[in-house]
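One chain, chain A, links the two complexes that follow: it is found with chain B in the first and with chain C in the second.
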Partner chain A sequence: MVVNSLAFLWFFLVVLVVYYLLAPKKVLQNFFLLVCSYWFYAQVDLKMTGLLALLTLIFWGIGHGIRIAIEQEKEQLASRLTTLSVVIGIGALFYFKYLNFFIGSFVAAADLIGLHLSWTASHIIVPIGLSFFTFKLMSYPLDIYHGKINHERNIFNFVNFIAFFPTILSGPIDRPKPFLKQLAQSRLFNPDNLMTGFRRVLWGMFMKMCIADRLDLYISAVWNNFEHHSAVSILFASLLYPFQMYADFSGYSEMAIGVSLMLGFKVAENFKRPFFTINIAQYWSRWHMSLTSWLTDYVFMPLNIKLRDWGTNGTIAAIMLNMTFIGMWHGADWTFFLFGIYHGLWYIPLMVSGQFFKKTKIQLNSYGLPTAPFAWRMAGNYLIVTFGLMLFHSTNINEFWAVLCRIPEAWNGGLFFDMPTLVNGAICSLALIYVDFQEEYFSKKKIYLPAWTERWRWELTVTVEILAILLFGIFDNNQFIYFQF
Partner chain B sequence: MKKLLIHIAIIAALFFLFDRALGYGLGILYSQSNATDEYKISYSNETTRDPILFFGSSRCLHHFVPSIFEKELGKDCYNTADWGIKNIYYHYGLLGNILTRYTPQTIIFEIHPCDWLQTPFSGIERANSLAPYCGKSEACDEMLKLSGNYWKYQLSWTYRYTGSLPNLLTGKLGSMDRSLKGWKPMDGILDTTGIKAEEYPFPVDQERVHLLERFIKDCQSHGIQLIMVESPMYVCSQQDVFRFVHELTQKHQIPFLDHYRDSDFVGHAEYFFDFGHLNRQGAERYSKKIASELKEIID
Partner chain C sequence: MERDNILAKVQEVFRDELEVEDLVLTDETTADDVEEWDSLSHVQLVVALEKAFGIKFTSREILSWDNVGDLVDCIAGKI
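So, the complex of A and B:
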């Protein structure tokens, strides 16, 4: 059951009605939410529901232990418990996601030096949303240990935080403090939250169904048969891929944020117009923000402090490790490893030139748009991201290499032009680009519309969005790219 | 709460208004389009009144030349076939829609394994091509209900045209020549390298068989002469693919002109555009051949 399905719509309508009927009794609301979240997760991944519950209990128990240790001033015990929680979190990720990959790589490496080891890959099913909920779990004991939060005495609240159904499958990766604070208050029926949330859900559906899924038809047609396509088509499909990824994942995030808001929760934002950036550091500060901020707080900052004696080299090492984690977080393959390294390498010129530490302000011309040099740098940054995502899209290194080799070989052919797909995709993409442009550069300028439209603006926007989804959407693709992570 | 209910009511009203207006406009563009899908589906469902109709998928679309049949049989013909591996779910709905307007004298049905086998590449979703005609006939609605989209099409007229805006806006520039009465010729000669026969390792689908039987019975009950045909392929399957059709036509006592393994065409690359579709020359030759056979059968 995914957020843009009819099944979810019915599920959510029932949840919404009962949820607000239970207000203002927050205990009942929270308990109901917990039941709904587990029911939702069981619909998606019944077999792994037990694992989710078990890990949640373990981490809550560890959090409890850390609190007691801190209260009794047993610093060493608190530190050991925190380390244990990280080991369990990383261990779960390692076992389910990376075990086969690492053993397989080890066996392949041994084979290269003449050691022939026999090994068959274990059939391990990766729990859906594992990478998202383990990060939420790990942040809890770490935050207690560092004094950012107090231990949540109410176990149901903690279970709710981890299993919160709008975000459990693909994020955003929320932090314990703001979420638990909201759980401690009762959520009253608020029409404004419902209206704003509903608009975000619709906008997310538009991004996913009208842009991401449309572009996917073209990109998959070219990429999955690249040996029969010309270089122009491969390059064009590759250039479209970052935009598809953005529409897919940002679309999902919009839906998750909108659904959360309709339930009275403000969860972390995940995207902030990432292509209006002039370097890779800026890009990562606006792309999958909940993951990057998590890794910045829990990986990069501690590493940077540990390596500070090395000066700039220490920061570069911390960035490279951090970016490798980002790459490998997405999956167990060398393509993801190289994806991380590739992005890390682009930080080095920024570090060496000192731009990493400066906040470069994009210069605007008299029309309020970026000046030509900055516009070119944005285009250049998009190309850098595109090349990285070609690695990301490849199923393995061999495929990536074969695609790269195909490009110089196939200059003769023309562009594969699938008119309906590209025109539908282009119309909707232009709408997204316009909205992003508006928010990025003209957010303070009010668009004056006739008075009657001002009065009916919400209703008109919602109606137009629904009609656009019906007219341009693809309704038989219910898979999100980020579900696999 | 009251405020929210007012907002919902306004949206419902606006949606109804805009959706109907947009759907109506798209419907007009649809019926005026010369793009293959839109023209074939709209003309077959809304306009044709010819006594002889050809039913089928792409092989029928490219193989049967109405002008040749008209000359030979002395009756007006129209080729209703459409590409995209249309199957019995589509044909049955189309027949229902045509019967709401008039009763043709003869239907020549180019049958395809997708009409009775559980082919994964062509299933109930093919009925969705009839979305613009939701509500036109019981048969059409029944097919749309089977596809699970009937209520969605009833709720939204815009949804009936999902994904087709570019085609509709450029429809007038479409490649269909209306004077050819539904035939779409293909120019070019088959490149025979690597050509293999198409096999059908799929089980019989009882739902499709049941619909085929109902198609036959509906024709019989309306006094329509139904003739089943199978046109040639460049390379033939190892299986006895059309045994099912022979049995079915014998059971219902309807003629079946099986040219699947016709040696005048099989292996003759000059008559084919690709391994399953005759080119212009092949289609004209085949139409002449089968027209003379049909002359003996058609009342």
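So, the complex of A and C:
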């Protein structure tokens, strides 16, 4: 069941009505939410529902054990249980997501040195949302061990946190503390939450269906047949790809956040206009924020603390490992590994020059927009991101290399111009760019609008968004790019 | 060393490391209250504090601090 499908709309309408009929009885609301979340997950991935439940129970049990160990001042036991939870989490990810990749790579490496192994990859189906819910699971024992949260005695609340249907498939990756706190309160019918949430859902649908899916028509047409396209077309499609990714994943996140808000939950934000950044460190602090902040807290920080006596070299080592994790989190292929390394390498000049440790404030001109040097740096950063995403988009290293080789070979051809796709895509993209500019640089200034629009602003915006989706949207239930992770 | 003196010394280290001359720390101050205090500068602060007080923190101690008060308590327990 895709979030922007009609099936989800009916499901959610029923959930919403029953959910608020049960208010203010939070126990009933929570129990109902739990049933809905598992029903939703079963619709998406019935076979793996048992695994989700089993892992949830194991992690709750370990959390319980850590609490008892801490209370009885058994430091070593608490530490061992925390390590066990990390091993189970990483083990589940490794088995389902990476085992075949490592077997394949090992066999290929052995082949190179003349050792012919007959190991074959097993048929393993990756549970949907595994990378997202495993990270949620792992943060729980780690937070208890570090004294950030207390063990949640009510197991149903913990199950609810992990399986929460708006975010289980593709995040945002929420943390136990804020979510469990919200579960402890009853969610009353709040028109403001409903209206704001609904607007965010519509905006997410607009980003996904009118921009991401539209641009995908062009990008896929060029990228999937790159042998027949000119260098200009390949470069143009590559330049569009970061924007498509942004519209796709940020669009999904808007929908997940909006649906959560309609149910009375504030979940983590995932994007903050990532292209208005002048270096890769700034970019990653605004792109897929719930993942990067998770990795900062649970991978980068512990590593950086452990290696703190090495000075800048320790920080570089921690960053390189952290970025490799980010790359590999996206999938089991050398392209993702190199994607992580590539981004990690861009941090080194920042660290050596000291820019990484000092926040550079973007200077604005009299119009309230970035000055030319900063605008150029933003453009340069977009190019750095684009090259990384070319690697990300390639199905394997050979394809990436073939695309790169095609570029100097095909300088003579013109631009492949798919008029309806590009015109429709450009109109909707301009709307997104306008909104992002508005929020980034002019949010404190009031835009002049006739007084009557103030009263009807919500209705007007919603109407315009619905009309735009109907006019420009692509209705083929296209999967979100991040569902595969 | 008195707890107030520890806080004063911690504040001095923070001012030097973060280059914010008028920074005032209280027990309740968190990283959210100080723009320059992020995951990176946090580790630099830890190293500077260890040097200033001649102590060594464990990873678990560092990761468990929620605010300046926790940090000061941790130092007080070591000197």
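In this text, the second predicted complex is superposed on the first by the 484 of 485 C-alpha atoms of A that agree within 3 Å, B and C clash if a C-alpha of one lies under 4 Å from a C-alpha of the other, contacts with A are read in each partner's own complex, and residues count from 1 in each chain.
In this section, a residue touches a chain if its C-beta (ideal position, glycine included) is under 8 Å from a C-beta of that chain, and two chains touch if they have at least 3 such contacts.
This is a predicted model, so every value here is computed, not measured.
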Clash or fit, chain B versus chain C on superposed chain A: fit
A:Gly114 touches, of chain B and chain C: first, second, both or neither? neither
Partner chain(s) touched by A:Gly414 [first = chain B, second = chain C, both, neither]: neither
First, second, both or neither for A:Thr315, with chain B first and chain C second: second
Touching partner for A:Met195 - first (chain B), second (chain C), both, neither: first
First, second, both or neither for A:Gly354, with chain B first and chain C second: neither
Residues of chain A touched, compared between chain B and chain C (which is higher): B
Touching partner for A:Lys148 - first (chain B), second (chain C), both, neither: second
First, second, both or neither for A:Pro450, with chain B first and chain C second: neither
After the two structures are overlaid on chain A, angle v-u-w for chain B, chain A, chain C in degrees (C-alpha centres, nearest 10): 160
Chain B versus chain C - smallest C-alpha distance in the overlay, whole Å: 36
Complex interface listing, chain A residues touching chain C: 79, 145-148, 296-297, 300-302, 304-306, 308-309, 315, 356-357, 359
In the complex, chain A residues that touch chain B: 189, 191, 194-195, 419-420, 423-424, 427, 456, 458-460, 462-464, 466-467, 470-476
Interfacial residue positions of chain B with respect to chain A in the complex: 1, 3-4, 7, 10-11, 14-15, 18-19, 22, 125, 156, 158-159, 161-167, 170
List of chain C residues in touch with chain A within their complex: 35-36, 39-44, 46-47, 59-60, 62-64, 66
